[in-house]
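I have a structure here, written as structure tokens, and I will follow up with some questions on it.
A, B and C label the chains in the order they appear, each numbered from 1.
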Amino acid sequence: MTLLAFLDYASVFVFALTGALVASRAQLDLVGFVFIASLTAVGGGTLRDIILNRDVVFWVDHPAYIGVAALAALLVFLTAHLLESRYKTILWLDACALAVAVPAGVAVALATNQPPSIVIIMGIITGCFGGLMRDVVCNEVPLVLKQGELYVTCAMAGGIAASIALYFDIPEPTALLICAGSAFALRAGSIQFGWHLPVYKAYPPRQK
Amino acid sequence: MTLLAFLDYASVFVFALTGALVASRAQLDLVGFVFIASLTAVGGGTLRDIILNRDVVFWVDHPAYIGVAALAALLVFLTAHLLESRYKTILWLDACALAVAVPAGVAVALATNQPPSIVIIMGIITGCFGGLMRDVVCNEVPLVLKQGELYVTCAMAGGIAASIALYFDIPEPTALLICAGSAFALRAGSIQFGWHLPVYKAYPPRQK
Amino acid sequence: MTLLAFLDYASVFVFALTGALVASRAQLDLVGFVFIASLTAVGGGTLRDIILNRDVVFWVDHPAYIGVAALAALLVFLTAHLLESRYKTILWLDACALAVAVPAGVAVALATNQPPSIVIIMGIITGCFGGLMRDVVCNEVPLVLKQGELYVTCAMAGGIAASIALYFDIPEPTALLICAGSAFALRAGSIQFGWHLPVYKAYPPRQK
């Protein structure tokens, strides 16, 4: 199995866990769990593949990805009641998934010889859009919009870190590890210690 | 007209009716009716065609599909006030549209020689995503998320039934009929008799 | 720079301004501004390019588009507090962006030799879907659904005007100007003078 395939499978599995946990908050049945888990798991990568106009979307070529997502959904369906806080678990699993999906997106863009700007953007799309679709469909406040939290920033930082590493001729697998590490470190710091960028403030916040 | 084209036209027409009815609940004007009707009618099939990387999206090749959707929108604009319960009408028309769209998706996937897993998934995408887009854009609770109702399950069952029928060398048109029949029967049973799968239960349902 | 590229850049810039203003209403940080601005700015054109199956999505070919969107986001981040009414500014900028995006969509469809119906639809998609994605993700009421306002109608009118002009052998650049002018005039009239089409009325408006 190539590194790229491993990253894709890992991000599919972990994103599927978060999707299934959101499905559990909406009290769906097992098929609903699998549906939301799959949407979350392959949404970002599907959009990446379509925008890059790849010949075949990754999971159409290898339907096993959907099997992995379904497995994650089943696991959550059977065990989610054991969790102390499902919301906190979603947050941390989502952080792990982000940290794996961003290098997966970066690697696909590199494989099609894109310039650094597109490499970074594909990292962001792969990392952020699966969760975004999950939240929009399930009517949760999208994590990408959570005020005073780093999210898209983490994906972007991962993509930039990988691009810089590659510029200095660091081998690709190492660059992807650096990418995953920086994305996760930033996101974890934001969840745990409240790291954030200055937000826009205006009074009143939502004038009509 | 091929069976595939007939299925596509029929599902476009009936999904457009549901879209227009949702537009009537949002009190839009005629163009708004046509817009939401078209989005609902071709949304699922468009996503299917894009993911399968077909050369041309079906309605770009035959713009008459959009004309059919517009006709359905006009029909609803003129007659929706005669309905006793628009919500119930939406539910039942949506069930019919689902029962036609799933075999349409299955047929396209078969025409491109996909394995059974992708055939089933394309049935689900074609059947469920048009209505999902309608509900997300119009801010209705997505039917796919309605607690204690079968929806994605019906689409999946239709796809599985078709795959099994084809495995036993039943001719494709018959297999597609079986597909439509099983999807509709399950959905109708769920609406009328409350058939459902066990849902995930946890207390409290939405912890923060 | 071709007329087509100019239209695309202009609509990207102005739609990005509206996206950033919506981000300011949600009190995001600078990266959030850039994210929502880019989504709004290239969302419609991306969908157009994917549906038309163009070889490369426009901004993947020329990442400068994203740079333009980021610039617009920065501009709004630094100056939005100076605005008297952000909502009114969003409305009018969105009207300008619509008036530029519709001819951009029309021009791309013409370049790929589509029939008038598809030309008009591509104008609508390019003009309306970026703002629609912005509003759905940020949980604002989509402008396309605002009751008693012309929105999709303006995009459609622009596309129809261009098609008629081209039918009478008016040169393409002039036809695109007529397209932009009619879309803007209708939208401006709707915002300023309340122009609207008759809306569907039923009592009670949202029966369950």
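For this structure, a couple of remarks:
Convention: a contact is a pair of C-beta atoms (placed from the backbone, for glycine too) under 8 Å apart; a residue touches a chain by one contact, two chains touch by 3 or more.
Quick caveat: nothing in here was measured; it's all calculated off a predicted structure.
Without subunit B, the other chains remain one piece by contact.
Residues touching across the subunit A-subunit B interface largely differ between the two copies, under half of the numbers being common to both.
For the pair subunit A and subunit B, the distance between C-alpha centroids works out to 28 Å. Touching of two or more other chains is recorded for residues 50, 136 of subunit A.
Chain contact summary for the complex, subunit C toward subunit A: residues 23-35, 46, 50, 55-57, 60, 63, 66-67, 77, 80-81, 85-87, 136-139.
Of all the residues in subunit A, the ones that touch subunit C in their complex are 50-53, 114-115, 117-118, 121, 124, 128, 132, 136, 141-142, 144-145, 147-148, 150, 152-153, 156, 196-202, 205-208.
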